[in-house]
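Working notes, beginning with the structure itself.
For clarity, chains are labelled A, B, C and D in written order, and residue numbers in each chain start from 1.
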Amino acid sequence: MTRPVAALRSAYSEFIPLSLRWNDVDKYGHVNNAVHFQLFDTAVNNWLMKNGLFQSEAGPICLVVRQACDFFNEIQMNDHVEIGIGIKQIGTSSIVYAPALFTNDHISAAAQGDYIHVAIDRVTRRPTTLDDATKTVLTRLLLNNT
Amino acid sequence: MTRPVAALRSAYSEFIPLSLRWNDVDKYGHVNNAVHFQLFDTAVNNWLMKNGLFQSEAGPICLVVRQACDFFNEIQMNDHVEIGIGIKQIGTSSIVYAPALFTNDHISAAAQGDYIHVAIDRVTRRPTTLDDATKTVLTRLLLNNT
Amino acid sequence: MTRPVAALRSAYSEFIPLSLRWNDVDKYGHVNNAVHFQLFDTAVNNWLMKNGLFQSEAGPICLVVRQACDFFNEIQMNDHVEIGIGIKQIGTSSIVYAPALFTNDHISAAAQGDYIHVAIDRVTRRPTTLDDATKTVLTRLLLNNT
Amino acid sequence: MTRPVAALRSAYSEFIPLSLRWNDVDKYGHVNNAVHFQLFDTAVNNWLMKNGLFQSEAGPICLVVRQACDFFNEIQMNDHVEIGIGIKQIGTSSIVYAPALFTNDHISAAAQGDYIHVAIDRVTRRPTTLDDATKTVLTRLLLNNT
């Protein structure tokens, strides 16, 4: 097991600020770990919506087949949070994102994830191939350093 | 403003046990108040599903137009929780539930709510009349003491 | 039962923008009703923190003894949401807030709540009297029209 | 990237049933992926509480430093859910759990996780060594097949 290393802000070009909630904090006085997965999920989907991907009523949707997160620092409710989103790999029907959570002015991530989407047909629920127009838009998020 | 009085278990005939989650507890070391509304929502919908009401793909759905809850006692994560559900009033298109949250062996509610469903048409999103068969099933939950 | 009337933006002087999350949306394609209570809870506590009330490690904390919400319009995940917060009544140890949820450019609330805090002693968990300095700050949120 | 394989019920000796909630379902009509992390978190902490580990007011607490989950099958709100919990590795101050989510009568997991706890001192927030008594209890959860 290799020790994960926190990503730097400089690795990301796209950031999505998200607000925390009072009930996100658990009995240990910090934001509960399960909240991070909600934030990554939200950031990725916000970006897709903003860029018009997978928004057609009849077209494919993306299901999460894997999420992972390494937690480096505890977060408080009044921290300012931004999710950096980047893509590590674009496959035939899958997209591997590497979301990272940054707080306040810190340059290294407080938490960092793997997030894998698979595009499926809405009805058959089977994987479907990403079309070229979609891949071209996704390419904008490709991380330089991986 | 009259002070609310906690309901007794004896007022209810139907109870739905629900488990709590680690992240339900907030920084004050008790279950956060917003969780109760999730539990009431779940209990009501579980009962409707179990009784086959509003389960048709094409038929009406029920939207919540009001929820309210008075909190009498703090709840801990390892308390055993049961939601008592009863109905106070069945209208033309609305159903007024009175859910109550009971913990462990306590006979009076730790929290108690108002919960109002309005049946709407799935497509037009406009209120629709409750049919007689549905009303008959709902009648089983009518509270005696109101 | 009188029909509730949606508040107007003009009744409020303080607004707190909060972001929605992908998982806030339920199977009916709108923001689930229980989310509104998380947002009201967050807005009130954010305002208290920002104004330095109830932030002392040894001083009183505020517990929610009642929340209620009337839902007027369905909300979508990409709606811009702001919570208007105002106070209807300041008691000996209680504060009655009237939070309202506004979306986008709409002037009337999509949802509107009652939210009652009671100040308690952190250790005894018994109600404690609000001091004058606290009351003075709270007075800034008093709604004109009630 | 190797394709993850779903664990079998037979690999686990300990199962914790947990109820789902109405708001767990997202707009795609299935339980949202972030919910699984709440369930794993709950199952692990329930087991620790039940076995009296890390329950001392002054003793160490366990923070999550990593969670991961592979999602194999979509889950519906009325599925019966049990979390199988087992331990893959007990370190000096860390515990690596392998939680798995089973539905209804299925023998292979619908979702499967990695979950790493690090024991820390409550005040200094620095890692602390697991004592022998704790390790002995944790050993009961060690998975045979890893």
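Note that a contact is a pair of C-beta atoms (placed from the backbone, for glycine too) under 8 Å apart; a residue touches a chain by one contact, two chains touch by 3 or more.
All values reported here derive from a predicted model rather than from experimental measurement.
A.B. asks: Considering B-D alongside A-D, which chain pair is linked by more C-beta pairs in contact?
C.D. replies: A-D
A.B. asks: Relative to chain C, which chain's C-alpha centre is the most remote?
C.D. replies: Farthest by centroid: D.
A.B. asks: Could you please state the distance in Å, as a whole number, between where the Cα atoms of chain A are centred and where those of chain B are centred?
C.D. replies: Averaging C-alpha atoms per chain gives centres 35 Å apart.
A.B. asks: Let me have the rounded angstrom distance from the C-alpha centre of chain B over to the C-alpha centre of chain D, please.
C.D. replies: Between these chains, centre-to-centre, one finds 30 Å.
A.B. asks: How many Å are there between the centre of chain A and the centre of chain D, using C-alpha atoms for each centre?
C.D. replies: Centre separation, chain A to chain D: 22 Å.
A.B. asks: Of all the residues in chain C, which ones touch at least 2 other chains?
C.D. replies: Residues 22-23, 32, 34, 38, 41 of chain C each touch two or more of the other chains.
A.B. asks: Which residues of chain C touch chain D once you look at their complex with the stated criterion?
C.D. replies: Those in contact with chain D are residues 22-23, 25-27, 29, 32, 34-35.
A.B. asks: In the complex formed with chain C, which residues of chain B make contact?
C.D. replies: 4, 28, 32-34, 37-38, 41, 61, 63-71, 74, 114, 125
A.B. asks: What does chain A use to touch chain C in their complex?
C.D. replies: The touching residues are 17-23, 38-39, 41-42, 45-46, 49, 77-78.
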